[in-house]
Every structure is written in C-alpha cells, then in structure tokens.
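Chain lettering (A, B, C and D) follows the sequence in which the chains are written, and residue indices restart at 1 in each chain.
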Amino acid sequence: MTNKKTGYKHSSEKQGMSDGLFEIEAKYCSWGDTVHYAKELKIFKRCDGNYLYDRDDVEYLDLQMWYSAATFGYKHPRLGQALKKQIDTLPQLACQYLHEEKILLSAKIAQNIEKTFDSKGRVHFNVGGASAIEDSIKIVRNHTKKNLVFAFMGSYHGRTLGATAITSSYRYREKFGHFGDRANFIPYPYCFRCLLGKNKENCNLACLRQFEKLFESEYYSIVNTKTHHCEFGAFYVEPVQATGGYIIPPNNYFAELKKILDRYNILFVDDEIQMGFYRTGKLWAIEHFDVTPDIMVFGKALTNGLNPISAIWAKEDLISPEVFPAGSTHATFSSNPLGTATGLEVMNLIEESDFGKIVPQKGKYFVAQLKALQRKYPQIGDVEGLGLAIRVEMCEKDGFTPNRELTDAIMNIGLSGKLTAGGKRRGLILDVGGYYKNVFTLAPSLFIQESEIDLAMGLFEEALKKGIAATT
Amino acid sequence: MTNKKTGYKHSSEKQGMSDGLFEIEAKYCSWGDTVHYAKELKIFKRCDGNYLYDRDDVEYLDLQMWYSAATFGYKHPRLGQALKKQIDTLPQLACQYLHEEKILLSAKIAQNIEKTFDSKGRVHFNVGGASAIEDSIKIVRNHTKKNLVFAFMGSYHGRTLGATAITSSYRYREKFGHFGDRANFIPYPYCFRCLLGKNKENCNLACLRQFEKLFESEYYSIVNTKTHHCEFGAFYVEPVQATGGYIIPPNNYFAELKKILDRYNILFVDDEIQMGFYRTGKLWAIEHFDVTPDIMVFGKALTNGLNPISAIWAKEDLISPEVFPAGSTHATFSSNPLGTATGLEVMNLIEESDFGKIVPQKGKYFVAQLKALQRKYPQIGDVEGLGLAIRVEMCEKDGFTPNRELTDAIMNIGLSGKLTAGGKRRGLILDVGGYYKNVFTLAPSLFIQESEIDLAMGLFEEALKKGIAATT
Amino acid sequence: MTNKKTGYKHSSEKQGMSDGLFEIEAKYCSWGDTVHYAKELKIFKRCDGNYLYDRDDVEYLDLQMWYSAATFGYKHPRLGQALKKQIDTLPQLACQYLHEEKILLSAKIAQNIEKTFDSKGRVHFNVGGASAIEDSIKIVRNHTKKNLVFAFMGSYHGRTLGATAITSSYRYREKFGHFGDRANFIPYPYCFRCLLGKNKENCNLACLRQFEKLFESEYYSIVNTKTHHCEFGAFYVEPVQATGGYIIPPNNYFAELKKILDRYNILFVDDEIQMGFYRTGKLWAIEHFDVTPDIMVFGKALTNGLNPISAIWAKEDLISPEVFPAGSTHATFSSNPLGTATGLEVMNLIEESDFGKIVPQKGKYFVAQLKALQRKYPQIGDVEGLGLAIRVEMCEKDGFTPNRELTDAIMNIGLSGKLTAGGKRRGLILDVGGYYKNVFTLAPSLFIQESEIDLAMGLFEEALKKGIAATT
Amino acid sequence: MTNKKTGYKHSSEKQGMSDGLFEIEAKYCSWGDTVHYAKELKIFKRCDGNYLYDRDDVEYLDLQMWYSAATFGYKHPRLGQALKKQIDTLPQLACQYLHEEKILLSAKIAQNIEKTFDSKGRVHFNVGGASAIEDSIKIVRNHTKKNLVFAFMGSYHGRTLGATAITSSYRYREKFGHFGDRANFIPYPYCFRCLLGKNKENCNLACLRQFEKLFESEYYSIVNTKTHHCEFGAFYVEPVQATGGYIIPPNNYFAELKKILDRYNILFVDDEIQMGFYRTGKLWAIEHFDVTPDIMVFGKALTNGLNPISAIWAKEDLISPEVFPAGSTHATFSSNPLGTATGLEVMNLIEESDFGKIVPQKGKYFVAQLKALQRKYPQIGDVEGLGLAIRVEMCEKDGFTPNRELTDAIMNIGLSGKLTAGGKRRGLILDVGGYYKNVFTLAPSLFIQESEIDLAMGLFEEALKKGIAATT
C-alpha cells in the first residue's frame, strides 16, 4: 500500500497510516537523518531482549542492536532498574557539581584500563560519540600543537564538523563547505579487497610498509626528515572498522603501526564507540591487537543505549590537570547523573558476567553457521567475525563482485516483517555497511542464545533465497 | 578541612573524604570540565523541586537550575513518570527507524512555531546543544555555500570545535589549534556597559548603526558592494545573552538587525538553548523581539534535563527533503526514545500550564525584591530580568566597576551550605557569568513560589553581607 | 569610434585599431587584471620623466606614477644606466649564490633602518609586494605560532591568496573559496568619514580606545585575559592607507596603537610598499609616527619600477639564522642581480639627494594649490597630503556625499588625452582609490617641478569643469 | 681559510673577506633563503654563455643554469639588446594601461598553444612562478568552487603560502602554522624507486591504477559516488618532476591520468615553470605526453632570467572575461614592459631556432656520455634524460641505496673551483635535487656545444673521483 501524498510504501495499515503518523512525519520531521534511506518506513512500538515489535506486534529478531548501542539487549531489567532508581534520587545535576556515580564510573573505567594496558589515565565525559571524538581532537591538538591527523579510508568517527573532517566519506562533507582539517586518509587493511591486490597470507603487511615508506623522504609529504616531526599529530583508529563493514585487521597490524607512530610521536587514538564493551569478546576491541592506545573514545553501549553519555580516556600526561585544566571543555549534559548511574550499572553487569568467555563462543557458533551457509550460496563472498562483531559480505555469484542490490533486497525483506519461522510471521533486523554497501554488519545482543542464532540463520536464509529470486 | 593529597578544601567529612571519593576523583576524573573552577568541591546526593541536597543533607535553594536545563524543577513527578513509562515499553531504538514520540514531538514543536511565527518548517534532533548548533551550521553552509558567520561578542554556543569557532572566548580556542571558521564577532547590545559609551535611552541603536555602516563600502571588509553578497552566511543570535550575563537587548534591536540581514540574505539563527521553554516568560525568548528566525536551536529544558536530546528547527526551504535529504547528518542517539518521550511530556506540561502568565509575574516580583536590595547595597550595579531570566551585576561601591572578587565570595558562601534561614542551615546555588565574571545569572525553577523567592532574598542578602565583609 | 567586435570605444585610429592590437588583446589577453576596469583602452608607447606618451604621441602628465612604483620619474637616466651595466656584467645568477649588489643593498637598507629606528635587523628579498607580504606572514607565524592577524578596514596588501586574506575587500576573496586565515579587520582612522561619527579635533582617538577596550574581557573575543595571549599574532599597518585613499592618520595614532600591541606581544608589521622611499617626505612613511615597527615590507619604488624585486626587513630576533634558517623560504628571482643592482642605485640616488627637504616643500605647494581650488569647487570634499602622497576626495556639492560618477568622469577625461595646455593637446593620468572610489590618490614623481604642478592644476581644473558639466 | 666571526670557510681571499663582504652578509642579509644551504659561500661577479666567474675570475661551467631560468645561456646578446631597447623607450608602465609587447607576447604564446593543443585560451601575467601558481589556484577555485586539489609527492610549485600548501615537503610548512588547503599528495611515477616495488617494464601503471581505484567507493575518501563529485578540484602536475629529481614519467602516464580526471571534472594544471621553453626538447614538456592541459603555468626561461615575469594560460571557458572579469586579480609588476619585451624576444628567438631538433640531439649525446660513465662507476645509479633535462642519481656501490654524502661532496668539489681542465683551474656548477637529495639535476644551456659537454664530463668525472675518495 502506497501513501499517495508521500509516495512511500508502508507495510501495514497500522504502521502509521490510520492515525496519520506518516503524514505528520512527512510534514514536520527533518528527513536529513537516516530514516529515509529506507524506502519503506517502519514504526516500532516496543522492544525486549533481542526483539523489536512493530505496531502490528510483529516480532523482529534484531541482529544489529542499534549498531551496538544496545549490546546488552533491549529493556534489560537491571539497567532499567538502575535508571529508575536514579530518576527517584538525583535525576538532574549541573555538571559543575559532583555526584558519586560520575566518580565511581570514571574510576571503574580508568582502573580497568590501567590493569589491562598498564597505563594510568583519566576519563572525561560528554554526550554522543561525535562529541567525545571532538574532545579527543582537543586533547590531540593541545598536546601536539597540530590540527591535522591521519585516519583510515573507510573510517567513521561521527558527524559533527570536526568528526566529519576525519570520517572518510566525502559525501558527508560535500554540502557543508570547506573542511580545513580534513584528515589524511590511509588505506585500512581490508584484506578481502586489498587495494594493493595482495594476498593476506603472504603480504607481510604490504599496505603498512607502503605507509612506512612515506616517512623515508620529506618529498613523500608527511614528515620533515631533518626534525623528525610529522605533519600529522595523531592516527585515528577503529580496531575493527565498523561502518566500513566490520573489517578485522591482521593480528599484528596495529602493533606494527604503533611502532611507526611512536617513532614520530604520533598519537594512537582508539575509537571504541561501536566495538567497545565486549562486542568483540573483550571489553575493548583493541585488546586483541597487543597495543596500548594513547587515547580511547567510547559511548553507545556504555549505557546500553539508555542515555547518550560518552567519554574519552587519555594517558595521564595528555589529560592531567596541568595540561588539561578546568574549563578546557564542557557540555551541559556531559556527566549527567542518569547517564553515569546507568553506565555504572553496565560496568557492574560486566564485572559479574563472563562475556570474555561466552561472547567468543557464541561468535564462533554464529560464524560457523554462516560459513556453512556460504558453502551453499556463492553470493556470500566473505564471512568473518571477532566475538559477536560479524561481517557477511554479499557478492555476485563469483563470490567477489559487490552486490548491493541483493544486499538491499535481503535487508528490506527482513524489515518487511513477512518472514516465517515456527509458524509465526516474523521480521529480521539487519544493518548494511561496507565500502560498497554490500556487507551485513551483524551485532546481536551479547545475550543471544544458540537457539536464537539458529532462528536468525533460518530467517536469514529465507530472506537470502527471496532476495536472490527478486534480483535475478 | 583540607585534603593533604589534593590540596583541596572540603566542607565536610561526609563530602567525600570519609569514603575516599575525593581521592578517587582526583585520580581518575578529568579535571578539564567545569568542576574544578570551584576551589571547594561539593558532592550532591539528591534533588527535589527547587532544592539540591548534599551528602550531609543540607538543603540548597537553587537559583540556577542547571543553567536552565531543569527549568521545570528537579524530579518533576510527571516527567519522571513519562520517562519510566518509556523505559518499560521502548527504551531503545536505532534512529534509522521511527517511533511515535519522535514524530509527535517534532509536530508539536513545528506546529507551535508555525502558529507563533507564521512560518513552516521542520525539526531535526541531535544530542547536546553544541551538536544541534553544528547541525544548524550545516544547514547554513548548505544553503549559503559559505563557511563564515557573524556571532556576538559575549556569545556562547557550545564547545565542539565548530561551536567553539562561533563562541566568543578565545580562551576556549587557545589550546586547540587554528580555527579556520572563526566567526566575525560583533558587539552585543550590552547597554549597561556600552562599548560606544552611549546611553541606552537616546542612543538610537548606535552599535547597530555602526554595524550597518560596514555594508556601505567594500573596504569595510564584509560585503561586495557590486554583487551585494556578504562574506558571512548567517548571524548567530542569543535573544538574551546567557553565559554573557543574561543581557537583555533593547526591544527593537533584533527586528532592526533582521532588516539589515535580509538585505544581504544573511540567515538569522536563534540560539534558544538556554532561554527557550519559557525561561523568559514566552516559549521562545525571541518572541519578545518581533522577529522571525530562519533557524532555531534548542535543548536543555526540552527534556527538563532528563535526557540530552536537542534539536533545530529550520524554515522549510532550508531543510526540506530536496535540500537536506536522507543522510545529511546523523547521530546514534539523536532521536532516542527516552529523550523524545520526555520531551513530549514537557510539551504537554507546557500546553496545560499558564507559564506565559505566571513566569512574568514571578519574574517581576523577584526583580522588584532585588531592586529594593540594590537600593541598600551600591555593590549591586545592575538588576534586570525578562521572565525568570534575571541578571544581578556585582560592582565596586561605585556601582559600576566590575567586582569579581565579591561575586566569587558570595557564590562560594552560598555553596558552602552555611547560611541560615528558618533556623536551618542552608545553602544557595548561584551561577556566575558575564564579561567580567561578576554577574549572577539567576534561573530559578518556573515553579518557584513567592515564599521561596523571599527565602532566596534572605539567603542572598546574608551571603552578600558576608561577602562584602570578607572582601573589604 | 567604437570597435564593433569588442564593443570598446577607442580614442584614436592609431590606438590599436589600425594594426589590430585591440582585437588581439580581446582574444588572447586575460581580462582578469585591471586593464578592463576602464571602458576606454589606452596603449602607451613611451615614457619620460613625468610623462607618458600614447601611440599618437599625445603627452600625459602622470600624477600617479605607477602607484608610486616610478616615484623617481620615468626613464631616469642614471637608473637605466645602472641596469644596463648589470646587463653587461652579471645579468643572471641563481639566488643560492651570492653577488655583491645583493649584499650591499641589504646592508644599506638595514643600516639605514638601524640608524633611524635604533633597531638591528636583516633584509630578505622576494619578487613583487604580495610575495614579500607572504614572507612577512611566515615570519609572523614562525614567531607567534599563530595563523591569524589584525589588519585595517580599507587595507590593501596584495593579491596572492595569503595577502588577499589580510586585504579588506571581500570582492577579492568572493570567487576564490574559503579563506581560513581571514584577518580581523579593524577600523582605520579615516577621520574625514569617522565610523564613530566623531570629530578628529577632540575625539581623543575614540576608535583606538574602542579597539583597546576589546582587550578588557575575554568575551570581546580576541584575548585570553587569564594568559594575556591574544588570538592574533600581528597587526598589519599601512602608515598612510594607500588604495584606501591616501588616508593620513592622526600623529599619535600608531604610537598609541603600538603600546596596546606591545602589551600582548602582537607584532607591528609596517607595509611600506606604496608609501616607502620618500613618497611621504621621509624614506619610510612610518617615520612620521614615532613608532618602531617589528617588520617592514617594501617594493615598488625600490627599483623605481625597473625590476619587481621586493623585500622585508625584520628585527633580528624574528629573522636571525637561529629562527629563520636556510631554506625557510625561497623564490627563483628573489635577489635577482638586475633587481639588486637597480635597487642599489636607487639607494645611492637617495643618499645623494635632499628628498627629505624638497618633497615636503613640493607637497606643501601642491596641497596649497588644491586647497585653493577646493574653495572654488565644493565638490572637492577633502584635500590632504603627506609629502607627495596627496588625497583629493570628490563629493557632491555638499562637500561630503561621495561622488563616484564625477570622479570617474574626471579620470576618463584626463585619460582621453583631449585636454589642452600651452596650446597643446594633453592628457592627465589620475588614479582613483578610496572606500567609495571617489578619491584621487596623487603620487607625482618626486622630481616634479612647481611649473609642472601648475600645469597639473590647470589640467585638473579643466577636467573637473568638464566632469561637472558631464555629470549634472 | 675560515672566517672567525661567521665560522664559514671561504675558498679565497677575494671571495668576500678582503673587503668584508662576508661580514656584511652575515650581519644584514637574511639567511632564510637558500644561500646558506652551502657550507662554503661563493660570490660570483660575471657570467657569459655557459659560464659563471667568481671574484678570482675562475671559470665555472654551469650545468644547472639558474634551475632553467637561464635556459638560453648567460648574457645572451640579443636578449640583452631587447631589454636595453625597452629601457630606452617604455621601461615603466602601470599595468592598468596597455603596451604593445604585452599584447603581442600573450598572442604569441596563446597562438602557439592553440596550434599545438588545438585549444583556445588566454594568457595572464604575474611576477615569479609562485604568484602564477596562485593565479592558477584562483582559476581553479572560481571554476570548481573547491579549495582542495591533488598534487604529487615530490612536487614543488613555489613558496608563497598557497603554493606551499600544494608543494609536497612538510619542511616548507612546518614553521608556518596550519595549512587548511594542504593538497592531497599522490605518488609520482618515480619508477627507479617505485613505491609499490613494481618494475616499470611490466607494471601496467600500477600506481595509477591504485589511484583510480580510490574513485570506486566513497569510503576511499575522495569522491561522492552518488553525485560523481570529487572533493578535489584539480590535479597539479609537473610533466617532468623538477626539484623532485628530473623524474620522467612513463609515456602514457599523463594521458591515462587525464582520462580519470575527466570523468570527475578534475582540472589538469600543468606546471611548466622549470621544464617549459624547450628544456625537454619541446616548447612545453607536456607535449611529450599526448595530453591537453586545462591550465598551464610558466615563468623562469620566459625572460631567460632577465625579469621575473611569469604567466598562466587557461582554456577559454576558465578564463574568459565572463568568468574571470576585470579585477579578478592583480599585481603591480605583472606585465611590466621590461619583462614583456624580453619575453617577446625570447619567443622570437625560439621561432627562429631549431631547438626542437638540436635539444634532443644534445641531450642524447650527453646522456650517452653519462651512461658510459655509469658503466665505470656503480655509484651512478640512474641516468635518464628528456631533451636537456637530465638526471644523474648517486648511490652507494650497490647502485641503488641513495648516497647523499657523495652527492654533496661532488657538488662542493665542483663549487670549490679547484678542478682542472685544459691546464686551467675550473669549477663546475651542479644542482642537487631528488627525494633523497642525491640526484644531480642537469639543466645546461640549450646552446651548449658537444665540446662543452665533453668538458663537463671531464670535470664531472674528476669531481666524482675526488668525491668517492673523500667519502670512503
């Protein structure tokens, strides 16, 4: 059924047409966010565990969990409880005053990092990942006295102007004038589609060696070989490239990169916004890569999506009161008590859980199922996972040529809520990323059960079959 | 009592020393936010209505209400209830999908603006005021194809890099490198301290005439008199300058400014982040000034401090899907359902209340009391209010020379929690702003009662007396 | 007679029509320079002393002398001789090797400055005024670590991108993208048209006091009052504003300005490109103003227009080999021997002359004649001179409203070569500047005789009469 | 002999010590240019043909000819004559008026380009190569509305701030603040040291293919694949990389590059400043590569070093009066008549000569000699030439590892003037370039004779032997 006024197709009467919600949305909501990427709009009315429910009460198994913001499942009772408790005691407080939860949450995070990386530092809060990225840029600029940084091709660090300058897509900048601090974007080790045409098995990190070579002569543009100063103050890193398509670098990549950076005092900034909080089976994704970041940025799952609080952690010499004193930055809601209380409970939950054990197990199970499916369908070009961050790259029958059309079809079929399992009409929530918009970036709840993974596989195969049928 | 390790004085054993909270804070928390502006730290443990309570349960009458973020009072039961209800239904949802509250809140705001200003437009959400400011800059740049804007001396629009570039204080930029989009800062009509040395009564808006004159010759640097194009695409305006010291412009100032801007297609961006939501006695502070903004930015009281959601509204031709299509910007938490549900209840509350009537009355009462006090104490140089946005400018005995020392003393005395009223030990929460850090920017809850204003006056006079004694 | 193809009117058959020069020009020459500001093109074929000659051999008395580049007269025999001599010995030499004239010219200039200002420093060559300005910006940035500077409204420092950023007209920037280093433009003391509406006699430098006030509060946007650091590293100054209309500041203006700048370590950069070399009666125009610059920039008359060589002088601590070592900057032609040899002869000429005495005398005589004329013609709104830099501001009959139409008419009448004096057909070369393009900026040769000033007055009055007739 | 005050060694009494020239230079000259790269200063007093002469009248055979600025030989009598003739007729003229030579020179150049490339366009003058580069940037920005461009690693386009931003060496930017328009530097096809480790014979332009691949996905950071707009408006190209070490790209490289650029409307800007005017055997070096530039920039040899005039040529749609009207840019000396007259005579000389035939012959002869020498000395790693632009890359004995020490030694031995040939004490002028400062960039006069090439070979071998001895 198509709304005549908006030209949109909607899946159901109830979806917003009977009460005019779609008309209202078409008139008063900005379409500038990501809602209207989809051609068929969907209104959800409740959520629980791994599931979203639309206005017709159709159940959607969610394999993206708000791009990892709801890593610990929807409507987790204990986290809801912590939030409610704070609502009843200190729901509001200007951030120029202290409250206990802010202090304890900072300490828990900093102590954890100190233990893991043997590195002392401090935590600074803000709201939203992009604002925390901006704080990290401030730390970098203050320390290095440089505006410019390296970032990766395929990177996504947010959409404030400062974060957009270090996010790879020109599309995000095109309409918004000149960006005088545009990052120097370096190829990410996306081995399935190596820019250099190398083979991961024996490339000896060729892409990294090519980057390293740029430091050999001043004519390669990035370093004064006389002073050993680099034009770029930091390198922004996603340990697993998120929006870029859940790309997992070779084991030794970051450790080798860090060696180069250290030679030139280039800071290593680790963006954990999407991959932090056990998404990859460790609290921080960078833990897989044997490297100690200078700055870390995190958000999303920090409150499991219940408050936009975000934060950075930085090494003591970058953030001590001597170099980053009172008033260096500020945001009204930066350490808002509803956020810190929820974050604190997330940290408690983590401490009491065994995510470090079960997430890799679940991930392994999920990837094994997907690889089995891959053997049946050559259109699944690549499957790889780190913990419960799993990539499924959709291709032509040759298993390599990117197939965006098929990817879109599967995603839309899942979202239409017309799949069937256990005799019940169901939907499947998938998110698409990747350089060619052909990668399912799976980020299920860490509490997903094997039976639910099986359900996911059934729904995915059904959608895949229908998608192949629809696009060939 | 002084903490030997941190060098800080703390007002009480319980304040964080017995359980080591201050030590923990000193070690793991960044001091780069505004907490450590104060020399005596304070930990609060609960709040209610007009009051904050510290760990000794001392009651502090709050006259700043989280810089207006908690405009409708702490722990407002109905707003807490709305938030809890959402926690139990749809606490989380990726912003690429729709939920009812987002649509209804957008509509309520846009319809209100359409009615008030006879201007159609749309609402776009984000998190935190600064991020909404960044969105507004995107709208400006997209429409004007220009990076540069005007803003006011004394302005504060936030602390992301983009917002910092249009915020007047160089202190906020100094440590963070080059700002290639620094605004051109124009004098605000701060009549108590007129830059031109004019008298408000008969100046005929001399400062504005001086600005207007700059458009007469290309040599004044801002306009090509041949093409009538201005180098600056927008003018960022706080209808009442907030951090600048709650400065209220002459009635006709903005209408006259808008005439100039319209001649050169310069957009008028109205920053209502601190003054919106009836702080000044009208939903939007700009309503006092007979002018229709092109873009509005708001946040803080939109959720009464219960969620960092913020938003912009822009005229249809600036934000329609044709010019600001899907993917133009994005933030994970932009229209998070806990935020929209709370915002929607705030709008309901507003619709059912008579703030338009009672806020001016309360403001008038408060200002009258302060003016009476001014007659007793020449150190009160200026008192002025618009609704419940009230400025009290502290001076030397001459009633003019800024007296930052006295201002600080009074603020700290209030914060020490050692004032007395009704036989009870009490505190008074004051916020300091102004070009010379000598202005109390009073922003009490809109629900404050006359009796509480009387209490505030008593506490303020006590602190004032003590402050004068301590600084002379 | 009008060229049908180009649409241009030309004054004579010979002017380029008979041999097709105008057609060729219309086809192969960029019109982006200033030739086509004029509606009637003029081709000159020779020059001598104070005169230009067109292809019909009509003689034009030149009162602008290539905007001061030919300050010492056209085809000065001694300078031509020096240039020819160098052509015959060392006409070419890569600037990485030394030649005697470079060393001696540097020394002569630096010794002169040392004597005049009691300040040691060095000279650095480049080609063209704008490139020397760029060198000065490099010195400023290296010393202050800041990209941003102050400059004056009405300023002109050149048209490279860097110089354009500190030149006031937005028209020069409008088509060329974003300028991230745009100067902060401050009102020049243009007392005839005071932006503040003050009277020069009793204003007490009100405009400067207003600038000074901006340093009082960080909210005025330019200084961190805590660290006393200013956001702007230097102030670019034309001691007499040239393109701006030969505006002469009050005597004490720059000394007072320098006091303010010194408080905040803001460098004073003196642009002498048009006013240096005795144009104002002293070698450097800034000598009139009792202030020692930190950096000086000069060119044009340095070679009397015979070679584009230009240079900066900077105080030793800004330019010593320790801070500005080998390779800091470079230009192929920077100290080209034809340029240095000519410049050296210019300096010799100066040493042997009494310009310091005769230029003020001639200027006084010229201004007196013009003031007499002013009494006859109310359209001459303002006449003022410093040495032989003389401004004549053309107005409506009220003596104040700028009259660009009349100014253009007079200029074109002069250029048409149809005036008469001594029974001979003649032309008059005038240049127009000023904020409203209504100022004749007179820069005659320093060798002009009183009889020639009389001739100039006659021609000017004739053109003035005709101009008034044509525009009323 | 060492000057005690300056610490410099000088080769001779006469060299500036007896008359104190070195002391004067040490005191009053900026050392920020390239003179003090050398450890032994040299003062030259005359030049002729292929030779420079120092103050002891030692003769130096010059193989760099002012980095090609004196391509047609020192003190060429006919060019000197043309210059002198102009000194006697119209040596000076403000560039807002026309003179014949400007028109004729523009026409000669534009007609030549039209004939060679079948492309109509116009010529715009300025002074110095960097300023012409700035003009070209203005054309690019005006046409593309973009600030950013591509340039090559190893590129050198000048040292104004705008040119420095697109010149690869960070060393040139390091001390001068933030460069908001820094180019995106792409690897040049420097096949002797391929960044990709490929072999020129069978690489199939691998480096170009890698660049092309970046346009495939928006995540590679440079293009919006939806709109097909690229973030970069132009690509700045040296057809033979000059300062980079006279690197000659594969024949089909630029034609293939142009195809990619045309797909995305990226302008091709051809910097001929050093390689133009038959240095490579054709008037324009780009003629070797079967591609039509959109913009060309040239200078240096345009006047054979007798005047700093430079220019750009641009296609009609980029520079027509409609898009680049009067006043778009300006420089006092831009089309100064001494420059245009000399340039015109250079063009006459070219038309009457057979450089297109003799330069390749001489180049071939010279390269053959060098290759013979290479067979004797493994330290000569690479010899290659295009016309009389010849590279000799000095290495360790392995013939590959860059040997800067040896290169410096040879250069200094040549400069010391203590070589011998024909029983006469002689010097040899060599210039060093290259990514590792180990390349002799030979640019002899186009009038060099085979006997002089033989002489050069003798002197070079002598210096080479001594250099090897001194560094091993």
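In this text, contacts are C-beta pairs under 8 Å (C-beta built on N, C-alpha and C of every residue); 3 or more make two chains touch, one makes a residue touch a chain.
Since this is a predicted model, take the numbers as computed values, not measurements.
Colleague: Going by the touch criterion at the top, tell me which pair is linked by more C-beta contacts: B-C or C-D.
Modeller: Between B-C and C-D, the larger count of C-beta pairs in contact belongs to C-D.
Colleague: Going by average Cα coordinates, which chain is farthest removed from chain C?
Modeller: When every chain centre is compared against chain C, the largest gap points to A.
Colleague: Based only on mean CA positions, could you tell me how far chain A sits from chain C in angstrom?
Modeller: So the centroids are 58 Å from each other.
Colleague: How many angstrom lie between the CA centroids of chain C and chain D, rounded to a whole number?
Modeller: 32
Colleague: Quick one: chain B and chain C, Cα centre-to-centre, how many Å?
Modeller: 48
Colleague: What residues in chain C touch two or more of the other chains?
Modeller: Counting only residues that touch two or more other chains, chain C contributes 145-147, 171, 177-178, 180-181.
Colleague: Report the residues of chain C in contact with chain A in the complex, numbered from low to high.
Modeller: Touching chain A: residues 145, 177-178, 180 of chain C.
Colleague: Considering only the defined contacts, which chain D positions touch chain A in the complex?
Modeller: Answer in residue numbers: 146-148, 153-154, 168-171, 173-174, 178, 180-182, 184-185, 195-196, 210, 213-214, 216-227, 229-231, 244, 434-436.
Colleague: Which positions of chain C touch chain D when the two form their complex?
Modeller: 16, 21, 24-25, 27-38, 41-47, 52, 64, 66-67, 69-70, 74-75, 80, 83-84, 87-100, 102-104, 106-107, 109-111, 122-131, 134, 137-138, 141-142, 145-147, 158-162, 171, 175-178, 180-181, 299-300, 304-309, 314, 319, 321, 324-336, 338-339, 431
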